[in-house]
Amino acid sequence: MGVLNGVTVAIILFGIGLLGLILRRDLVIKLLALGLINSSTILCLVSLNARPDGAPPLLQGNGLGAMVDPLPHALVLSAIVINFAILALALVFVMLLVERYHTTDSRRIEEEVAREEGE
Amino acid sequence: MTIARGALLVLLPVIAILALTRRRRLAAIIAMGLFSLILAGVYLLAHAPDVAITEASIGAALVTFVYVLAIRRTGRLVVVGTEVPGLLQREGARVGGLEHEILAGFARHLGLDLVVRLVSREDVVAAVAQGEADIGGGGLVAGGCGEGVLETRGYLPTAVFRVSRAGQRDVEQRSDELARGYLNDVTDAVRGGKGLDVSLDLARFVCVSRLDLSGYVVNRLPGECDYTFILPSGREEMQRRLTRYLEGLRESGELDRAVGRHLT
Amino acid sequence: MTVLALLPLFHFALAPVSLLQGRLARRLSALAVLVDAALVGWLLASIAGGGDLGIVMGEAAVGLGIRLVADPLTIGFTLLTLLIEGALVAYLWSEAPRAYFYTLLHLLFGAVFSTLFTRDLFNIFVTLELLTLVSFLLVGYERKARQVWASLKYLVLASLGMSLYLIGVALIYYHTGTLDLDAIAAGLPPGPVPRWVWLGSALLLSGIAVKSGVFLFSIWLPEAHARAHSAVSALLSGLVIKMGVVVLIGLAATFPVSVSLQVLGAVTGILGLVYAITTDDLKRMLAYSTLSQLGYVILGVGIGTAASLTAAGSYAVAHGLFKGLLFLAAGTAIREGGFRDIAPLIAQRGRVSRGVRLALLVGTLGIVGLPPLAGFAAKSLLTHATAALPVQGVMFLMSLGTAAAFAKLGRLLWPGKGAWGSATANLSFIVLGLPVLFFLPLAWPVLPRALAAAGRSPIPYAESLAAIVGGYLLHRWIRRRPRRALPQRFLRLEEGVMTILSGFFLVLILVWLQAR
Amino acid sequence: MRRFSMPFAVWATLFVTLFCGLVLFAFDYEGPRVDSLGLSSESLAYDTGAANLVSAIYLNIRLYDTLLEVLVFSVAVLGVHFYLGPRGVEEQVEGIPESHVIRTSAGLLLPVIVVLGIHLVLFGHVSPGGGFSGGVVAASGLLLCAVALGAEAVGRRFHETFLERIEWGILLSILCLACAPLALGRLPLTDVLPQGQVGSLVSSGSIVLYNVLIGLKVFIGTWVIIHFFMRHRGEI
């Protein structure tokens, strides 16, 4: 498969997510970028052992030898749910901030908070 | 199989970049939903059906749903504006004025709730350009809002006045500050007899002219101009509907009556 | 050793019960302290009886199941957790927060207990995420806008850190086929270190460092701590941050990270002090001092000998005690005095009750290392666990700086006259203050004999007194100089991401240097 | 779109590129490994009785992880409830009537989605699926349809307290189930029920029970989260 495998793509996605997280000022887009970073780690875990000739880890009478490793899949299920939990809470907090400052621009919020601190 | 997997894997970064460079949040969110769906496909091809189902149900469906709910603007018509006496002003705890009446009617017409946020002048254009609000108002003069936003056809003729006092050096420094609490700053400056060089639309000028303007040079800028509303770019449909609604008001004479109520 | 599983499960079960029976929540928390004390007693008894120290959850095969292990170091942290829990329950007794708050507390303590015992890389990830989310909710509990913003930054950056960690887990699993820390240590190839080991170590270390307040990785963390409710600050600074240290100790035994830990520890310590000395806000000063003390601990972990690990562990426990005490007392002092800044607080010291000032005094003496209090015992252990002169020098510098930072409190520490304050708050101060005062005799049975022998020489006493006096003089000198504000831009979100990345590069280079 | 200054953006890009390059270089990924990484799938299946090996690991061998994960989800629900719950008066948000097509298709979709969710939960141990995905599918499907049909006010009365009580009650029963083996002198989180025939519905001991309980809990939790987001929609 050469360069085009899940792990490589996952790491590239991680980089894209990082750039989005740093360079976009909109908090909602930042959260999307964070979600992308989290998804990329999941892709990385799943792709570790994804053999093209493998079989899903289900006992349906087919040979055990061809099965892909089920352990990363089980781990990833937890990770997906945790990512959703983080996202939901982060969105709620963004809502609270918007209610207070009427903007989703991270720099503006930072300035406003600093100004309130100074008072 | 290999080709399909390769194609999906190449598609992933492309969609991710597309998603994160969108200006409008809704587009970014939907692109990320698509991204999750493709990711689920990749998992399926990697023999991980459990992960694929979970990713599709949580990553693609639930997360997108929650995002869209959080930013969904149908259901509310969000208006940002600066305070202008007569056009958009606080009346106790509420907001009133000519523009408020027009927009409240428009929101009723669309079946939406009206939410008005009074912000500083520079934030009006920024908020609309970013898509944080549906409509920007508050004594905006047609042609003066720059790129990146749509304008409706003007709903009321107005004029622009230039108030200045020559020989003052602090004009440039003040122009930044003036952007914040625009009208209050101008009236304060006039009361204190300080240096100024600002353009005021008719409604604001009327307000300022009640003060003592002796010592200031007042010019009416040449040309015809109108008050207008602005919308985020890409909302042509909304622009058309608002323009049509304003036309309807003018033809029925309702607009003139409203002007009479608020601006005399 | 079922007790290892029972401690976390008990707290997790209490969380829904206190939410469902809101009126009982306060009494349930008191009950929880008693039950915990009994369970910890059981744990100590079975260790003294020489029982097996580990279990595999679900009775599965090792390497596949999750293994929980108790060792002397984790016992120390278990006791710390118990004491902080007791103090918090007493402190919150009169305040009576909502059932929601108690639910979060129980979840937090459950997560802390499971982090303490687990030896599984992925399980560490899940427990740390639970810790992150619960502390996130606790920081924003009062819903003030600045708390919410600090909290959100905390969540985003911690989540980024955990993603780095998870990539590291994937890498390690790919190459070794197991998630168990000890099995990985056994499975690392002998001879020259392959490059995936240094990448894996750097990723895991960076991920944990974000959670544990190490310089470059979480310079923003003190903000979150300082802005929270005082009980929450005590909890985060005293306990939650230590969980990162616990995991770091586990990682240091397996991966080649000692040089990077030493460098990070030294830089964290010095930088934290610079911020602590220059800030005027009492709680923020305490939070930055946590950063510097943590540098101390990480330095000890980095040295990596058995003696230094014990010393670092006991210092982390000692710090948990006096920092918890200081935060609780500071919270009450700020509420009674009405100011957050130190100078006006000193002017208003008459309004601060005597118990609070006494608690501040004990905590300060503990943290600056006056013999024979907790700080002194652990610090001298740590200093003498290493023979390297530069390391000792850095440690002395940190003691000096700590004394200088706390000298600012000045006359606020004088108990003087006045009312004693509320009984429950004083009880919480006693719960944390007594172990600070009598740390040495309490820790005596646990410490190795060789270290105990080092404690008898007069050098540590002289050193610690010199640090205190020197710190006071330094404070006098600094006070007369014009103050310049330190850059705050590293506390912003975008720069936070960048500094995490640069921290990762630094760790990678250091691991690589060590592997060479 | 307000952007950052150019040097900052260049630095950031440089950093991230360097990061990706280093990780890619040092990952040493040489394609999927053929050996199944030290675990025997066969013994796994017969130890737990679940034909779906992912479920076997997720709900039996590494149940402790799963338990913590369920707690994380509960914390999220708790947080959403706490911060979006009691905030001033409820606003009158007038829903826009959906078109006839959407209504009809939603009505048709509803039973399919719910049945799919239940299937995912009940057969999670023999085929792909499980409590989590099943619960989410059922809840989000139900709510999507509820929005389309304009029936979001359904059950607004008992949302707040009643549902939350049930949810936390279920969490408590999951924890009790996890601790039940203690009574038999075994470690907590072990499976003490008979395993049954591998591949049949009634097999794999307590995995089915956990699946059902987690499915219910996630169903309610998702419902609560979406409900609160719906009440505060459009706030960003």
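Chains here go by letter, A, B, C and D, matching the order in which they are written, and residues are numbered from 1 within each.
What we mean here is this: contacts are C-beta pairs under 8 Å (C-beta built on N, C-alpha and C of every residue); 3 or more make two chains touch, one makes a residue touch a chain.
Not measured: the values here are computed from a predicted model.
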Distance-to-centre winner among chains (Cα means, whole assembly as reference): A
Geometric centre distance via CA averages, chain C-chain B, whole Å: 47
Whole-Å separation of chain centres (CA-atom averages), chain C against chain D: 32
Where chain B and chain D are represented by their mean Cα positions, the distance between them in whole Å: 38
For chain B, residues that touch 2 or more chains besides their own: 25, 49-50, 54, 58, 62, 66, 70-71, 130
Overlap residues in chain D, where contacts from two or more other chains coincide: 2, 4, 12, 16, 19, 23, 27, 29, 33, 37, 39, 52, 54, 57, 62, 65, 68-69, 72, 75-76, 79, 83, 128, 130, 132, 225, 229, 232, 235-236
For chain C, residues contacting two or more additional chains: 64, 122, 126, 129, 133, 136-137, 140, 143, 167, 173-174, 494, 498, 501
Each pair of chains that touches, named by its two labels: A-B, A-C, A-D, B-D, C-D
Interfacial residue positions of chain C with respect to chain D in the complex: 2, 5-6, 9, 12-13, 15-17, 19-20, 55, 57-61, 63-66, 100, 103-104, 107, 110-111, 114, 122-123, 126-127, 129-130, 133-134, 136-137, 140, 143, 167, 171, 173-175, 177-178, 194-196, 198-199, 203, 494, 498, 501-502, 504-505, 508
Residue ranges of chain D in contact with chain C within the complex: 4, 8, 11-12, 15-16, 18-19, 22-23, 25-29, 33, 35, 37-39, 47, 57, 60-65, 67-69, 71-72, 75-76, 78-79, 82-83, 164-165, 168-169, 171-172, 175-176, 178-179, 182, 186-191
Interfacial residue positions of chain C with respect to chain A in the complex: 64, 122, 125-126, 129, 133, 136-137, 140, 143, 145-146, 148-149, 151-152, 155-156, 159-160, 163, 166-167, 169-170, 173-174, 179, 488, 492-494, 497-498, 501
Chain A partner contacts - residues on chain D that touch it in the complex: 2-4, 9, 12-13, 16-17, 19-20, 23-24, 27, 29, 31-34, 36-37, 39, 41-42, 44-45, 51-54, 56-58, 62, 65-66, 68-69, 72-73, 75-76, 79-80, 83-84, 126-128, 130, 132, 198-199, 225, 229, 232, 235-236
Touching residues (chain side chain A, partner chain D) in the complex: 1, 5, 7-8, 11-12, 14-15, 18-19, 22-23, 25, 28, 48-51, 54, 56-60, 64-65, 67-71, 73-75, 77-78, 81-82, 84-86, 88-89, 91-96, 98-99, 104-105, 107
